[in-house]
Amino acid sequence: MNAIAQAAATVANPITCTLDFEQDGLQHGFLKLPYSRDDSAWGAVMIPLTVVRNGNGPTALLTGGNHGDEYEGPVALSKLAQQLQPEQVNGRVIIVPFMNTPAFQAGTRTSPIDRGNLNRSFPGRPDGSVTEKIADYFRRTLLPLADIVLDIHSGGRTLDFLPFAACHVLPDKAQQARCEAGMQAFAAPYSMRMLELDAQAMYDTAAEEQGKVFITTELGGGGTSTAKSVALAERGVRNVLIHAGILAGEVEQGETTLLDMPDGDCFIASEHDGLLEMCRDLGGTVSQGEVIARIHDIRRTGSAPVEYRARRNGLLAARHFPGLVQCGDTLAVIADVLA
Amino acid sequence: MNAIAQAAATVANPITCTLDFEQDGLQHGFLKLPYSRDDSAWGAVMIPLTVVRNGNGPTALLTGGNHGDEYEGPVALSKLAQQLQPEQVNGRVIIVPFMNTPAFQAGTRTSPIDRGNLNRSFPGRPDGSVTEKIADYFRRTLLPLADIVLDIHSGGRTLDFLPFAACHVLPDKAQQARCEAGMQAFAAPYSMRMLELDAQAMYDTAAEEQGKVFITTELGGGGTSTAKSVALAERGVRNVLIHAGILAGEVEQGETTLLDMPDGDCFIASEHDGLLEMCRDLGGTVSQGEVIARIHDIRRTGSAPVEYRARRNGLLAARHFPGLVQCGDTLAVIADVLA
Amino acid sequence: MNAIAQAAATVANPITCTLDFEQDGLQHGFLKLPYSRDDSAWGAVMIPLTVVRNGNGPTALLTGGNHGDEYEGPVALSKLAQQLQPEQVNGRVIIVPFMNTPAFQAGTRTSPIDRGNLNRSFPGRPDGSVTEKIADYFRRTLLPLADIVLDIHSGGRTLDFLPFAACHVLPDKAQQARCEAGMQAFAAPYSMRMLELDAQAMYDTAAEEQGKVFITTELGGGGTSTAKSVALAERGVRNVLIHAGILAGEVEQGETTLLDMPDGDCFIASEHDGLLEMCRDLGGTVSQGEVIARIHDIRRTGSAPVEYRARRNGLLAARHFPGLVQCGDTLAVIADVLA
Amino acid sequence: MNAIAQAAATVANPITCTLDFEQDGLQHGFLKLPYSRDDSAWGAVMIPLTVVRNGNGPTALLTGGNHGDEYEGPVALSKLAQQLQPEQVNGRVIIVPFMNTPAFQAGTRTSPIDRGNLNRSFPGRPDGSVTEKIADYFRRTLLPLADIVLDIHSGGRTLDFLPFAACHVLPDKAQQARCEAGMQAFAAPYSMRMLELDAQAMYDTAAEEQGKVFITTELGGGGTSTAKSVALAERGVRNVLIHAGILAGEVEQGETTLLDMPDGDCFIASEHDGLLEMCRDLGGTVSQGEVIARIHDIRRTGSAPVEYRARRNGLLAARHFPGLVQCGDTLAVIADVLA
Amino acid sequence: MNAIAQAAATVANPITCTLDFEQDGLQHGFLKLPYSRDDSAWGAVMIPLTVVRNGNGPTALLTGGNHGDEYEGPVALSKLAQQLQPEQVNGRVIIVPFMNTPAFQAGTRTSPIDRGNLNRSFPGRPDGSVTEKIADYFRRTLLPLADIVLDIHSGGRTLDFLPFAACHVLPDKAQQARCEAGMQAFAAPYSMRMLELDAQAMYDTAAEEQGKVFITTELGGGGTSTAKSVALAERGVRNVLIHAGILAGEVEQGETTLLDMPDGDCFIASEHDGLLEMCRDLGGTVSQGEVIARIHDIRRTGSAPVEYRARRNGLLAARHFPGLVQCGDTLAVIADVLA
Amino acid sequence: MNAIAQAAATVANPITCTLDFEQDGLQHGFLKLPYSRDDSAWGAVMIPLTVVRNGNGPTALLTGGNHGDEYEGPVALSKLAQQLQPEQVNGRVIIVPFMNTPAFQAGTRTSPIDRGNLNRSFPGRPDGSVTEKIADYFRRTLLPLADIVLDIHSGGRTLDFLPFAACHVLPDKAQQARCEAGMQAFAAPYSMRMLELDAQAMYDTAAEEQGKVFITTELGGGGTSTAKSVALAERGVRNVLIHAGILAGEVEQGETTLLDMPDGDCFIASEHDGLLEMCRDLGGTVSQGEVIARIHDIRRTGSAPVEYRARRNGLLAARHFPGLVQCGDTLAVIADVLA
C-alpha cells in the first residue's frame, strides 16, 4: 500500500447503510452516499441492497451491475432479493444487484457522474470521486463481511461472450482451488481459468487479496439479456449458495467446457476504424491464419477491406459487438479448449 | 399531394451525383449534398454509391443503412460493391450501402445532423433538412430509375427480430404478387406479409406508389451483425438479382416460415420504466395469457415486478433489445405462423 | 386557416388514447404518441390522463404542465385524479396533469425532444414535431369534448407571479362574461383581465376560438410549489367544477384583487447582462420613476450598477426569478389595481 | 495533514493578485488564475475582489458566491464594494463577492470547469483542479490575513431556508463564543448553532482551524434573492463590521429565534423519484408523525402518492426547492427551537 | 412566391425596433425578438443597431455578422456606430454590426438557438425559427428602407480568402452596373464578379430582387481579423458611403485585381478525412495538374497521402482553413484573373 | 520528487509499443494504451509512431501534436515518417507526429477524454488519466532513449505567433549552450530565449531535467498551417537531424532575429469580454503607451471601446487569435529584439 492509499485509509467512508448487517431476517434498503451537485445541493446516490440473515452461518456477497450495461446479474439478483426468505438461509446473503448504481440506471458501462469504471477503481478512496467511494466501501466494509463473493458480469453493450464462469490463477493455490470449486458449482456452459494481466484495480483482486472465495462470470453481452442467459445466472447463483452451505439442496450440475486464455495471441485488436464483418460466430472453431474479421471503409465504396487473421487455433470466445469498430478495439478473443 | 408538397416539387434538389447512371461499366462515387455548418462553411454530406451497368436490362436499386444502426445491409452491399463486375450484369445495379450516411457513420438510427429518421421522412423536401433532402432525392431521382428495389433492414440497437424478408399488402394485387415473388426469392428463414398501419412517410410507400417491386427485410438486430446474418443478406441479395434477371443462375432456395402480424394485439407495449426480464426468447412459441416479460424496479430491491402477458397465441418475432426499458417502448411482437 | 393548416387538417393525428371518453366511471390511462428515436426504435411518448364520467352533464377539461416547470397544476390535478369518484360527478372531467409530458418529466419549460413550447405551438400539426402533434390533438380531439377549460400555469423556473386567475378580453362579450365568471369562481387572491398582444399560437386562443369557457392562472413561480400555492390551486379547481355544475356544493369565495395590464409600459425589460438586485418585492406598490431593480457587473467589482425605473404607478405583479439576468429578459411587470 | 497535503504544501499557488493587500486606500482588482484550455491557450480565471484599507486595525474577509447559485452575498458585497470608502474603515476589509467565480458566472452551485463544489474542496491543492487551486489560495493566502471571516450562503437553486446566521460547535469554547457573538451581531431573523457532521472539506473548517472568528449564513434559496433577503444581508454585513471594530456605530439589533439541528432525525430524505407536494411551508410548526410531504408518480395518474412523515417535533427550517424530487434528495429539515 | 411564402406574408413579424427610423439624429438601440425558452420564459433576442439620419437623402444599410464568426464587418461597423455624427450625413445610415446576433455572440457561423445559417434562410418566415424571423424582418422591413446595401463577409473559422469586394451577375444589367460601381468604390485589393449558382436563400438575392445596389465582400478568414483587414473594411465602408452621396469627400481608390470564378472546376473538394497539407498559399499562382494539397492519414504513420491537383490555371483565392479536413469539404478555390 | 510521484514511480505504465526500439530498419506502429469506456469495453488509445534506426549513432526524439490544434509538427513529421529511409540515418530517429493523439484527432488543444493539456501534465502518472499516462510514458520510456529532443509547437486555434525556435534559460549553462546551438540549427526566422516562469509540468522541463538537448518552436497559429509554415518546419527538422549528426549534409542557414521575453510587462492580458480589434499586426513595432488593441461591446452599439496600451517598446510577437476575447485572455505579447 503506497503513501496515497495509507493516507486514504485514515479517512472514514461517507457511505452509510440503512440496514443492520447483524440483524436476522429480511431487510431491503440502501447504501447512501451523499452527493452534492448542481441539481441537488443535499442529494445522495442511493445503492439498493437486500440482506437476508438467519444465524451465524457463512456470508455470501452477490453483486451485479459492477458495469452498468450488463444485465444477467441485475435480473437474477433482483429476483433473488424478491424471493429469498430468511428461513431458507443458513448464514447471510448480501445482495447488491446494481453495484455501480449511477452507471446501471444510465445503462452505461461507466458512471455518468465521474465516468468511473468501478472495476478499474479499486482500492478506491473515501475522499475520491463517487465511484472511488463505492470501491472503498466495498473493499473496507462489505468484503470483510463475506466468505464467498460472486460478481456477475456479461459483455455489456460493446462485447459479446460465450457464457462462462471464471476464476483466476492465484499465488495461494489452496485459495485458487476453493475458487475453482466455486466456479465449477456455478455450472455455466463454459468455465474459464484466467491469468489476469492487469488486475491491479479490479474488485476481483480486492476480494482475492482478502482471501475470499471469488467467482466471476461473463454470461453473454450486447447490453441485453435473454430468458436463456438469465436462467443460467439464476441457476448459477442458487448453485453457489448451495455450494457455500447457505442454501440447502444439491448443486444442479450441467455440462461445462473448460477454457483457457493463456497469452496475448488470444486477443485480436483492430488497427482501423470502419464497418466490422465477423467471419466466425461465437463458439465457432478457428484455425491459425484464417480470416476471422474484415473491416470495410465507411467513407467510400469499392475499396478492399482490411483482413484480420487468427494467430492461433481455438474457439471464438468473445467478440466486439457493435457493427462499427474503432482503431484500438478488441475484435475477437480466441480461447484454448482444455476439456 | 398537398400544397406544401406541390411547392416543394418545383425546387431542384441540391444533391449532385459524381457518377453517370447511363454509363456502362463499374463506377464508385458519391451523392454530394452541400451542407454549410459551423465546422465547415463550404462542406458537404457525401453518400457513397456504386453503379454497375451493362446494357439496357432491368435496374435494381439496393440499399442498406436507411437506419444508421442496422448492419447486415451495409456489410452485404459493401462486399457486393467490391466484387460485382459489369460483365456479370444484365442491366444495372445501383448500390447505396449507407443510405442515411450521417446516421450510419454515427452508428445511430437517426441522423446526428437533424435527428431525421430517413424512413419517416418521405416524400422529403428539396429545401428541407439534410434528411429530407436525401428522401426527396431518392424519391424523385433514384426510384424512377429502378425496376426492383431492395431495402435491407434489421432491428438496430433497440430491437431484435427473427430474420425475415417482407412485403406489404398493396391495393394493386398484381404489384403485390410481384413483391411477394421477390420476397420469396430472397429466401430468408422467415417471410412476413405486413399490413403497414402508418406507411405515410416511409421509403417503402414512396417506392410502391411508383409501381416498383419493393422488398424489405428485418435480419436480426441489437446494433450488430453476425457471420450468419450477413450470409443471409448476401444470399438474399444474390437471389433477388437473379430473380430480377440481372444476374445469371438459379435462385438458391431455403426453407422459410410464412408469418403475419394481423392486428394491434400482436404488439406488447410497456407502461413502465425499469429493468427488463424477457421470459421467452425470439422464435419461441407463446400462448395467450402467458407472462412473456417482467419489468423490475431499478430504484430499490424487494418490490414485485410488473408482469406483461401475451394477448394472443403465436411466435415471438421481435423484442425490445436493451436491458432497460422505458414507458411507451414496444416490448414484444407476437406473430401468427401462416405456413 | 392558411394553406399549411388546411393541408395538415386532412392528416390523422397519430396519438391514440387508451381510454374511452364516452364510458361512465373512473379510468386512468394514456395518450400514446409513437416516437421512433435512437434509444427506442418503436417507442412512444405516454401522456397520463384520467377520465371521470357520470352521465351526460357538462365536460370540464383540466390541464397542468402545459409548461413543464410549473407545479401547482400537476400537484392539484394528480391529487384530483387520485380522489375524484364518478358518483361525485355530474357529466365528465378530463384531467391531464402533465400536458407537455416530456417537458414536465424533464422539469423544463419546453420539451427536451424538440424544444417545443407547447403554449406557442397551436394550432399544431398532426405531421409535425412531437410538441406540434400534442397541440393538434388537444385542438382537434380534446377541446371539442369540453364545455369549460381550465389551464393551470405558474411562473416556472424563471418568473415569479402574484397568484391570480385570469381571463382574456375577447371579441365575443358574452363569451368573455362567461370566462370572467369562471375566473371569479376560481377565487384566487388576485384576478387579472388580460389583453393578450401575441395570442396567435396559444392554447388559450385555440380554446376560445371554439367558444369554450376558458380560465387560466399564474399561481406563483420559481419552479417550485408550496403548501399554500397548492391549496389555492385545489380550491380553485373545486370551485370551477362546482361553478360548472359538475360537482355539487357551493363555490368557496375568497377575497380577490382585480388587476389589469393595459399596455407595454407595464413591462420592464433588461438591456444588460448581470447580477439582479430587485428593489421591490412581489405585491409591493411602486411609483413612476422609482428604481425597481439594479443590475450589477459580474466581471468586476467597483463599477456602478445599471438602474431600472418604473414607467408607471402600480403593483409589482411579476418579476424575473433567477439571480442572474440576461439582456432581453423581462425584469418586472407592474399591474394596475382595478378593485 | 497527510502525505498528499504535505506534498502540496511545498508547491506555490499559481494565483496572483493584481492588488496590494498592504496598501492603504480603495482598490478594485482580480485574483488571476492561469487556465489554459481549448478556447484560450493563454487564458485565466479572473476572480474580482476589492480591498479597502485604512491603517492597522483588524481585517475582515467577506465572501459570497462560494456556491455559484446563491445571491444574497454577491448582491450585498457588490454594493459594499461600490460604496465603502477607506475613511469609513479602521483596519482592512477584503471583499470577494463571487468566490467561485466560474460557478457564479454560470449560475450553478459547482464550477462548470471541473464540477468542483468549492465548499467541499478544502484544504485544496496548488497543483489540483481550478476549484482546488482557489481553495488552496483562500486557505494559505487570504485566511491568514483575516481576523474575522463572514461567508454568506443561501440555499441555491435546489434548497430553501429560513433566513439564519450560524456558527459551529467547536472544540475551543472561547473561539466558539467569539463566533457566537459574531453570529448574534449579524442579527438574522433566525440563528443556528450547528454541529457539522461532515466538516472535513469545508471553508468553514479551514477558517476555524486557523482560529478565526467564522460566521456563515443561509438567507433564503431557490436561486434568487429578494429586496427583503438582500436587506438582511446588507444589515448583517454592516453589523459584523461594526462588531469587529472596523466600522463605527452601533450594531442594529433585530429579533432572532435560536435554532438547533441536533441529530440525523432532523433530516427527511427521499427514497423515491417524483412530483413533490410539500404539506408544510418554511417556518411552519410540525409534530412527530405528521405527513410533511408526498411524492406523486409522474409516469401515470391514479396511483397513491408516497407519504413522508416527521420523525420529531420542530419547525420546518429547510426544504427541497424544485417541484420534482429524486431518490436521495433531502426533502426537509426540522429544527429545534431553542429560544 | 409559393403557397408557404404567401401564407407567411400575411403574418406580422414579432420583431420590434426600439428606434424610430424616420427621426433625425443619432440613435442607438435594438431590434427586439421575443424568445421564450427554458432559461427565460419572457426573454428576447436583442440585435443592436444604430441609425444616423440627417434629412431625406439616400439610405445605406450596412451589415456585419451575417455569419457569426466573421469579424471585419463587426469591428468596422462598431467603430462607425461610435463615430458617425448626423451632421456628417446626407440621408440615413442604418448600421447592424451583428446581424445574426446569437451566432455572433457565440462566435459561430450559425445560430446556437436553431443552428440557422442566416444567409441560407431567406426569404425567412415571421412564424418560423429565430433565424427565419430575423431574415423575414430584414427582407420585409429593413431592405425596403435602403437604396444601397453593403454586407461585409469574411471566411469565418473554416475558410480563408484573398480580400475582395464582390457583385453578382444579374439579369437586370443596369442594376448589375450599379452594383459593380459600388464594388469598385469599395476598393478592396481584389474584386470578384460572381455567378452565384445556389442563390435562392441568400440575403444577397433578397436585396437584389428588390432592385437594391448590393455589395458584398470576403475580407480574410480563419475566425479572426487583423489591423490590416479591419483597415480595408473601414476604408471600404467610407468609400461606399461617399459613393452613395451620403458622406462628403472623395472615394479613396486603391489598386484592385479583378477576378472571376466561372465554373465548377474552380472548386476542389475533399473526398477524404485527414490532416491537410496545403502546397500553395493564398494569392499564389497555380497551374492545371499541379498538386495543390495533400491529405495525410491521422490514424497511422507511413502511409502515402492523397494528392489533390488543380483542374485549371489560376490564382489560389480561397482555402479550407483548419488543419484537419473532412470528406466533402471545399479544399481550395482557384480563380481566373481578369485584370 | 514528492510522495505522490514516488508512489507512482513503482507502478508500471500500461502503454505498450508495437515496435522494437532496438531493431535496425524502418518500422511503423503504435503506442497502445488500454482505455475501457462506454463505447468500447476493451478499447485502446493508439498513438502512431515511426522508428528509423541504423546502428548505434545518436537518437533524436521528434514530436508534434503535443497540443492537438497545432499543425506544422504533424504535417512535417508525417512526411518525414513517410520518406525517411534507414540508409539515410546514422543512429535512430523516433517520430511521434501526434503526441496527444486523442486531442489531435479531435482538433483541440486538450484531450477530449480527460481535458488533459499534455504539456501541463508532466511528470505524469502511470495510474492517472489517459493524458497523465502518456506523459509518464514519454518521461520514463521515450525521453531516456533520446540524445536530442525536438517538440514542434504553434499557437493553436487561439494564439498566433511569429515563427520562432526557442530554448530555455537553464541552470546548467553547458546544457543551455547545447540547446541554443540546436535552436540556431533549426534556423527559424526568429529565435527566442525564454525564461519559463511556470515550467513545472511541461514536457520541456522533463526533457531538460534528464540533461537532454531540448528545442521547441512556435511556428504560427490559428489552428491551421500554410505551405510556408510547413516548409519552415521541414527545414528545421532536417537541420536539427544534420546538426545532431544523424543525417548527412550541411545545416541550411537562414536569417534569424533573436528575441527575448524578459518579464511580465511583455504580456497584455484582457480584463474584459468583447469584440477584439488589434491595432498592430504580428511583427509590427510597438512603443510604450501606444494603443495596441481595443475591445468593443458585443451587447450594444455606440459605447466606447476599452483600450489596451503597450507597457514597453518592442515587437508584437504573439496575439490572441479569435475575433472575440474573454476576461483573462492574453491579448498580446511584446518581445525585445536582441539581434
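For reference, chains read A, B, C, D, E and F in written order, and residue numbers begin at 1 within each chain.
FYI, a contact is a pair of C-beta atoms (placed from the backbone, for glycine too) under 8 Å apart; a residue touches a chain by one contact, two chains touch by 3 or more.
Because the structure is predicted, anything quoted here is derived from the model rather than measured.
Colleague: Going only between touching chains, how few steps reach subunit E from subunit B?
Modeller: Between subunit B and subunit E, the shortest chain-hopping route counts 1.
Colleague: What chain is the most remote from subunit E, judged by the mean position of CA atoms in each chain?
Modeller: A
Colleague: Averaging each chain's C-alpha atoms to get its centre, pick out the one most distant from subunit F.
Modeller: Taking each chain's C-alpha mean as its centre, the farthest from subunit F is C.
Colleague: Can you work out the whole-Å distance between the CA centroids of subunit C and subunit F?
Modeller: So the centroids are 57 Å from each other.
Colleague: Any idea how many Å lie between the Cα centroids of subunit C and subunit E?
Modeller: Taking the average C-alpha coordinate of subunit C and of subunit E, the gap between them is 42 Å.
Colleague: Between subunit B and subunit F, what is the separation of their C-alpha centroids in Å?
Modeller: 49
Colleague: Two or more other chains touching the same residue: where does that happen in subunit E?
Modeller: 3-4, 30, 46, 69, 271, 299-300, 322, 327 - these are the residues of subunit E that touch more than one other chain.
Colleague: Which pairs of chains touch each other in this structure?
Modeller: Result for touching pairs of chains: A-B, A-D, A-E, A-F, B-C, B-D, B-E, C-D, C-E, C-F, D-F, E-F.
Colleague: Give every residue of subunit B touching subunit E within the complex, in rising order.
Modeller: Subunit B residues touching subunit E: 3-4, 6-7, 10-11, 14, 30, 32, 34-46, 127.
Colleague: Using the touch definition from the top, list the residues of subunit A that touch subunit F in their complex.
Modeller: 2-4, 67, 69, 108-110, 115, 117, 120, 155-159, 198, 200-201, 269, 271, 320, 322, 326-330
Colleague: Using the touch definition up top, name the residues of subunit E that touch subunit F in the complex.
Modeller: Contact set of subunit E toward subunit F: 26, 28, 30, 46, 48-50, 69-71, 74-75, 78-79, 81-82, 95, 97-98, 104-105, 107, 160, 222-228, 230, 275-281, 284, 296-305, 321-324.
Colleague: Name, in rising order, each residue of subunit F that touches subunit C in their complex.
Modeller: Residue list for subunit F touching subunit C: 271-273, 299-300, 327.
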